[in-house]
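Listed next: structures, encoded as structure tokens.
The same chain A turns up in both complexes below, where it pairs with chain B and then with chain C.
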Partner chain A sequence: MDKKKIEEMVNQVFEESFEINKGELSPDKGIFEDLGLDSLDIVDLVVALQKKFGVKIRDDNRVREIRTLGDIYNFIEALYKEGNFLVDK
Partner chain B sequence: MKRVVITGMGVVCPLGSNVEEYVRGLEDNKSAIQKMEKWKEYIGLNTLVAAPVEIKNEQSIPRKKRRSMGRMGVFAAQAAEEAVRDSNLSESVITSARTGCIIGSTMGGAEAMNDTFEIMLPEKDLSNLSSMNFFKCVSHTAAMNVSQCFGIKGYVMATSAACASALQAVGAAYGFIQSGKQDVILCGGAEELHAIVAGSFDILFATSTHFNDKPEKTPRPFDKNRDGLVCGEGSGILVLEEYEHARERNAKIYAEVVGYHTCGSGEHVSQSNKEAMVSCMTETLKSADMKSGDIDYINAHATATTHGDQQETEALKEMFGDKIPVSSLKGHIGHTLGASGSIELIATLKMMQRNKIYPTKNLDDIAEDCKGINHVMKSQDKEINSVLKNCFAFGGINASLICKKIF
Partner chain C sequence: MEEIKKFILNLVFYVMFFVFSIIAIPPVVLLALLGSLILPKRLVLKRWRRAISWYGWVIIYVLPFPFIKVQYKDLARGDNEKGPFIFICNHRAASDAFLMACLPFECIQIVNTWPFKLPVFGIGAKVAGYLSVKEMPIDIFLLKMKKLIGEGVNVISFPEGTRSDGKDIGQFYSSIFRAAIETKCSIVPYCISGNENKPPKGSFALNPGIIKIHKLSALRWNDYRDMNPFILKNRVREIMKNELARMDQE
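== the complex of A and B ==
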């Protein structure tokens, strides 16, 4: 899975779960201040990412460091490289 | 004691997504009952009929308000939106600490409960649970979501007494305004349809099972061939307001709430009890300082169960004889359970406004054990100045409310 595919799938999560238009999604966007998510949304973001990529990230401390959409792309890419995906989509 | 009036109404129900559509459906004597093909997958579920609501324009509720709503939250928010618009109350009044919100339901969102268990139970794993499931499952999900949507800062409560929930909510709102604790309260009930809910009645043999291929022929309140209730869903919200508060702003007033009572039977958890019904209606009349002959129309609970309809008939016969017209709306919209009290009260108030009584749909042949009261079997014009609404619930809980026209 290449980075582009990861970005596409993460963006799908934001479109499907948080009703954010594709046009607003770029790596520099802050997930709180720019994309409007709050603490409750983060719980659902984790659940949606877990489903999308077949991973378990709820207890991964790196989740707490995420600030931008780009951080999520990088985090998911790192998980992939570590071989953490249960299903390689 | 302060006087309390109704200044706004909103509804989402199987016959329509606003009051106008709903009343037009009743006027046309339509049935909203459908065959539930999907329910065939449930082993042991014998009723395959229900009255579902088609949700419209859900996206108009902002995502952050909507994310915590199950179906019943959406119904309640949309019904409340219509009621608030209808009342013409200003935003500053709605968001003041003198305005409350009391909405009842039998339980929290059935769909969210089902989803929670489906996610959690197979592996006993909670890690894929949405943060929103809790807010959809809680018993006060409708009250909570409506109060968040409208910025309510007064009393926020949820009554939970199965099929009497909505009428208890209206009754509680009446009491709080009467006593001067609040000036305005959005109140009523909400309920969502799910096999879990219908199944609860089904296993008690309380549902209709003989009309699965002729859904429009059931339920049949008071009829010889009645065979049980049909579950529905939706929400009915009323704006109750202190009389002088309403007069000062020159509000449109549908009616005055003049009497209310709720009581338990203390007898049986599921079987209706005539004595408790009589007691409830007697105390309601007393609280309104009225006699039985002062009532012009009774909107019955009558769900089309064998025992319930018979007991209600006996109670009505004893209290009102065969003079006062009685009808049930369950034949049109099914039993909307915790929402039925307010959804049906709204139709009852429209009947009073129009001086017209809508009949009991599917009442073709009055059962022997339901004779002796004045059944309305065809649409009827009649001057109506006062109405009595009944709700009789599982748990032996009864509620009755009287409204009068204001001249």
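== the complex of A and C ==
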């Protein structure tokens, strides 16, 4: 799975679960101030990402450092490289 | 001329605010204390919350008159649903809490941590059962909300969490919308415009003018049952943003 595919799938999560338009999704967008998620929404996001990628990330401390959409792409890519994916789509 | 008006408004308002508070608060506290000895707790709480509503009404409608006038418009006049409701309000000034306290219902407000630290008002708010959402885990907050709604108490929330700078509406926090989904309670948006300088952020100085409050149509459980908290909060925010833009242009 290349980074482009990961970005596409993460964006799908935002479009499907949060009804955020594709046009608003760029790596520099802050997930709190720009996309409007709060700490409780992050829990929902984590659940949606886990489902999408078949990976367990809830207890991963790196989630706390996520600030932008680009951070999410990088985080998911790192998980993939570490071989954490249960489902390789 | 404007400066003189502003000076008189602030002089009269703050002197009367102080005098009225000194005269009104002690007897109400005394009555509540006596009432708590002989009346059921639920009834005392109900009366205490109504007393806060009357106090807010005097502060908003009487003391700053005729320099500040409040125009209230019910854009949901056809709605005849009985509460309890979750009232969602935008937050531009400290006066919002008083404006919403005037609603003629038994209400509590969801507040930030600092209002509880205010002398007198903080204690009054705590006694009335106001909730400081930042000071409790979400599951405790949801339990408390279920209990309040179950008792027929209306809940006022400012989901921006803090006052917005100017006329923009900030991002919404989702906790109150999670509570709405959990309790299936109708959501009623209230838009307040014109009070962004009454007083401006970081100041106590009031400016003369008109404050407009628009009550919008309720979003009922059936309207939002398929939405998750994020989608619901943004739907409500969008409705309020559009109405506020109309109000600011009027």
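Structure notes:
Rule of thumb we're sticking to: the second predicted complex is superposed on the first by the 89 of 89 C-alpha atoms of A that agree within 3 Å, B and C clash if a C-alpha of one lies under 4 Å from a C-alpha of the other, contacts with A are read in each partner's own complex, and residues count from 1 in each chain.
Note that a residue touches a chain if its C-beta (ideal position, glycine included) is under 8 Å from a C-beta of that chain, and two chains touch if they have at least 3 such contacts.
As the structure is a prediction and not an experimental result, all values here were calculated from the model.
Superposition of the two structures on chain A shows chain C clashing with chain B. Applying the stated contact rule after C-alpha superposition, one finds that A:18 touches each of chain B and chain C. Judged by the touch definition given at the top, the superposed model places A:78 against neither chain B nor chain C. Residue contacts after overlaying the shared chain place A:40 against chain B and chain C alike. When the two structures are aligned on the shared chain, A:32 is found in touch with chain C, with no touch to chain B.
With both structures placed on the common chain, the touch criterion links A:51 to chain B but leaves chain C unconnected.
Within the three-chain superposition, the chain B stretch that clashes with chain C turns out to be 57-65, the only such case among 21-29, 39-47, 57-65 or 219-227.
Comparing which residues of chain A touch chain B with which touch chain C, the overlap comprises 18-19, 36, 38, 40-41, 44. Note for the complex: chain A touches chain C at residues 17-19, 32-33, 36-38, 40-41, 44. The touching residues of chain A, when paired with chain B in their complex, are 18-19, 36, 38, 40-41, 43-44, 47, 50-51, 56, 58.
On chain C, the positions that touch chain A within their shared complex are 138, 171-175, 178, 228-231, 233-234, 237. Considering their complex, residues 63-64, 67, 127-132 of chain B touch chain A.
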